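Some structures are shown below for you to check.
The same chain A turns up in both complexes below, where it pairs with chain B and then with chain C.
Our next item is the complex of A and B:
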């Protein structure tokens, strides 16, 4: 299981952050302080997992950007689940620019993670325009989420 | 020991029912595992010690693994052994639920249990914690045992109730740390959760996970919650 890693690029007060690995009790966000940022974008594509300690550390870290523009990108399901479950995981001034939705075909068992992007597969009002997805054999796949629950964060 | 039946209720309502009805087992009539859950609940009612036997966690499975750990330096090895055991055995839904469960069980055994034990008095030397995985084509059983026996199940349930009623963010704001979020993550990723304590001796968590369910199917399976306490 890959360890936590974080990289931050600053262009003036615009911070671009990339987080990878498992965010657990050993994850140290202290070196990646967001003080002074007016905009923070977080690339979550490399996140493999997060536990309850990791969630607390993330919230403490991202709260430094409270009131600023915060953008989460390429969020895997584990991150979307926390956005939905834990108030403050995505600051109220933030939004999700893209996230992954698992698709599944029951008979074949094939799975795919499909990227939904703001303006394409969903709107800022939370309307979903789900794409048709096929597995490698051409079978139509279904969204493998409870939609009302998974897309709840889009309605806020 | 009391068994309380529910119908189609949310995980939050299952947790609430433990307290509201002073139940030891909360089981949904709509669970696909109802017969087996009833059987095990009745058996535990007659003999709570059965929960702490290998028979309870192994079931009929011959595909099992034992992993021992003590602290942070063992975590990487522990996770690697779990990954090896589960390789090729399930879909991404099973793997992500297992990962989430094991993370929280690990933290409870290594961080919470010794802390709670210290609050109760001087610590004695303790055996390594024991993670046991048992696989069948229909269910994965994950069991984690620590030898502190310091868990208060009632406090555990109260924390979960607080997270469900106030929201995880609010609950964390109020208490700072150890606010019950881990308990809820554990339960949300389990289909059946058994919590047993032999006070001052051992605490065991046992989680059942359906093997073949997709993410959506897994979330739709009604949950059950069970507590076993021996003084």
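Our next item is the complex of A and C:
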């Protein structure tokens, strides 16, 4: 199981945070205080999982940046699920710059995570231009999510 | 967002099947091709299909019969486009009859140009884009009527879930176990509290709920691993650097194994607390987790499943929930036939249930067949359903006018006295959806209502139109601002009822202490009507009924009721002294004084100051002593006359 790790880089009041591993009861956000930031950018690409304790810790931590510009990038499905479900997981002043969408081909069983980026695959109004995705054998793949549920956060 | 249409090709001719599949795929549609009617039906139930192409001559059956007898029963004309195909029967009268019988959009004579087939599959309307498949909660319960479900499909069904009723959670836990899932199930309550269950290789390794009341001491005492004499001195010392469990182990008062068993039971109680009469949101994230000890395995979970269904799920929810299958015959699955057990207490109440289910009856017919309360029957059926022993056949039976009238009357009863927001809740339960999506709920609810036919009786038509208009009005109401106001009023009224119930409850407890059982029972019934989910209600009722049964003209029926009450005690209440006390009274009433004494002693072990238990022990002990001296005397006398 990959352990929680967090790195923070501060350029003035702009904080760049990178979070990896599993966020659970052992994840300690205390050393990564967001006080004094005017902009917080969180790279979530390395997040492997999050449990309920981790969700509570995350909300407590990110709420320090509430009202500031908060950007989540490269969000894996597990993070998108929490943004959709848990109030405050993404502060109301925040937005998602990019996130992964799982694709699947029913016959071959191939799975692929495709990065959707703001301005390319979706707009800030929540319009989606889903790309055509093929697996290694050239089969056309389908999105492996319930779209009405997965893209809900874009409409907020 | 461009969206593909889903097309089914039901055709046994491989060449035709392949060429149609290739053409539709090239045109950007999702195609499911099969030669088996049951597979096509299964696919239809799972996905929103745009067009079904059916060959008139299928292996061992007729495509026309398949459409008229099975497909149209679920998807009436107008709800699914069907195109019939044939190379053999192509004369005009056959085509005309087929179109009329099947309500098909068209008929293609083989051989045909691909373009001819393509023209039947149009681009879907934008409004259809939002829901490209069955609603996730509906899909969860459609597992009950599926022929075969792969572990991936089970996992996907759960991953797709968003809002559910908390009473669905036992089924979700069981499916995750069956699918050998590893990861976190996160649950958000209506009030925003976050709980979570962690799974590793299909076993539950951790349960995190907001209320962290441990109950560990009670569990260990009840299981006989500890006495309160061992535990109490340790509880006095506060702020000890070591946790109490470790201190018990260090003092050799408790073995690590016993401690783990206690922790496992504690997990089950926390799981039990996640199940309540409210909605919640869930998501499951597969995550790499190690299997740790203690954990709950599938065998242990099965016994908890039983207790949750028996003790947590309300009968009013089940009544509405089962209406979605009112016209469906139940059938035992292969798993059910292989694994059926008679010993779960709910099933013990219904001897012969397995045989009854083998004869493919509806829920309504099962309820009519057994002379047991509807509550017990519905709980037993729900238990066997979520164990995967039973499935519903959605097709195969035309509902008679009489049956339809009965169904509508039941729905009408469910609607009675409900406010508009409450009506949406009831409709969602009946339709197997969630109330937060009233429009979808209405459309699914209407599907269950069906249509009225010109030859239907006036009574049926009246009740149908009455329900129809109430449902429409309730749905319209959700669009207004008044809806929130009414929600608030309802919450307020609910709170008031709970407060009233709590007052009556205290009064009833005092009456029980004073041994005024009949009065206590009448007050407890008031409590039940105001707040049926109040803690330990069934136990207090069992106390009042049993203790007052001596003078009752139909004592055996009362004791039967008590047994049913005790069967429906929520797992968390089984660690309360009153649970053992109530069982003690029941055994005493049945004349089993030894068992009664044991139960009463357990009650006292959990609460030494429980006076009614102390009083009863004195009574029961003397009976046990008398019985044993009677037995000794009989043995002695018997001994004189024994042949040597």
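In this section, the second predicted complex is superposed on the first by the 156 of 156 C-alpha atoms of A that agree within 3 Å, B and C clash if a C-alpha of one lies under 4 Å from a C-alpha of the other, contacts with A are read in each partner's own complex, and residues count from 1 in each chain.
Here is the rule we go by: a contact is a pair of C-beta atoms (placed from the backbone, for glycine too) under 8 Å apart; a residue touches a chain by one contact, two chains touch by 3 or more.
No experiment lies behind these values; they were computed from the predicted model shown.
Visitor: Quick check for you: in the superposed arrangement, does A:2 touch first (chain B), second (chain C), both or neither?
Guide: A:2 contacts chain C only, not chain B.
Visitor: Contact-wise, after the overlay, does A:30 reach chain B, chain C, both or neither (first, second, both, neither)?
Guide: neither
Visitor: Touch test for A:49: chain B only (first), chain C only (second), both, or neither?
Guide: Touch status of A:49: both partners.
Visitor: Looking at the overlay, what does A:130 touch: chain B (first), chain C (second), both, or neither?
Guide: second
Visitor: Which of the two partners, first being chain B and second being chain C, lies in contact with A:111: first, second, both, or neither?
Guide: Once the two structures are laid over each other on A, A:111 reaches chain B alone.
Visitor: Need the overlap of the two footprints on chain A, from chain B and from chain C, as residue ranges.
Guide: After superposing on chain A, chain A residues 1, 22, 25, 49, 51-53, 55-56, 77-78, 85-87, 144-146, 149 contact both chain B and chain C.
Visitor: Report the residues of chain A in contact with chain B in the complex, numbered from low to high.
Guide: 1, 22, 24-26, 49, 51-53, 55-56, 59, 77-78, 85-89, 102, 104, 106, 109, 111, 143-146, 149
Visitor: Can you tell me which positions in chain B touch chain A when the two form their complex?
Guide: 72, 76, 79-80, 83, 91-93, 96, 99-100, 103-104, 107, 111, 167-170, 172, 177, 181-182, 184-185, 188, 214-216, 219-220
Visitor: Could you list, by residue number, the parts of chain A that touch chain C in their complex?
Guide: Per the stated touch rule, the residues are 1-2, 22, 25, 48-53, 55-56, 77-78, 81-82, 84-87, 127-130, 142, 144-149.
Visitor: Taking the complex as given, what residues does chain C use to touch chain A?
Guide: Per the stated touch rule, the residues are 1-2, 30, 130-133, 136, 156, 160, 162, 183-184, 186-188, 192, 194-196, 198, 206, 208, 281-283, 285-290.
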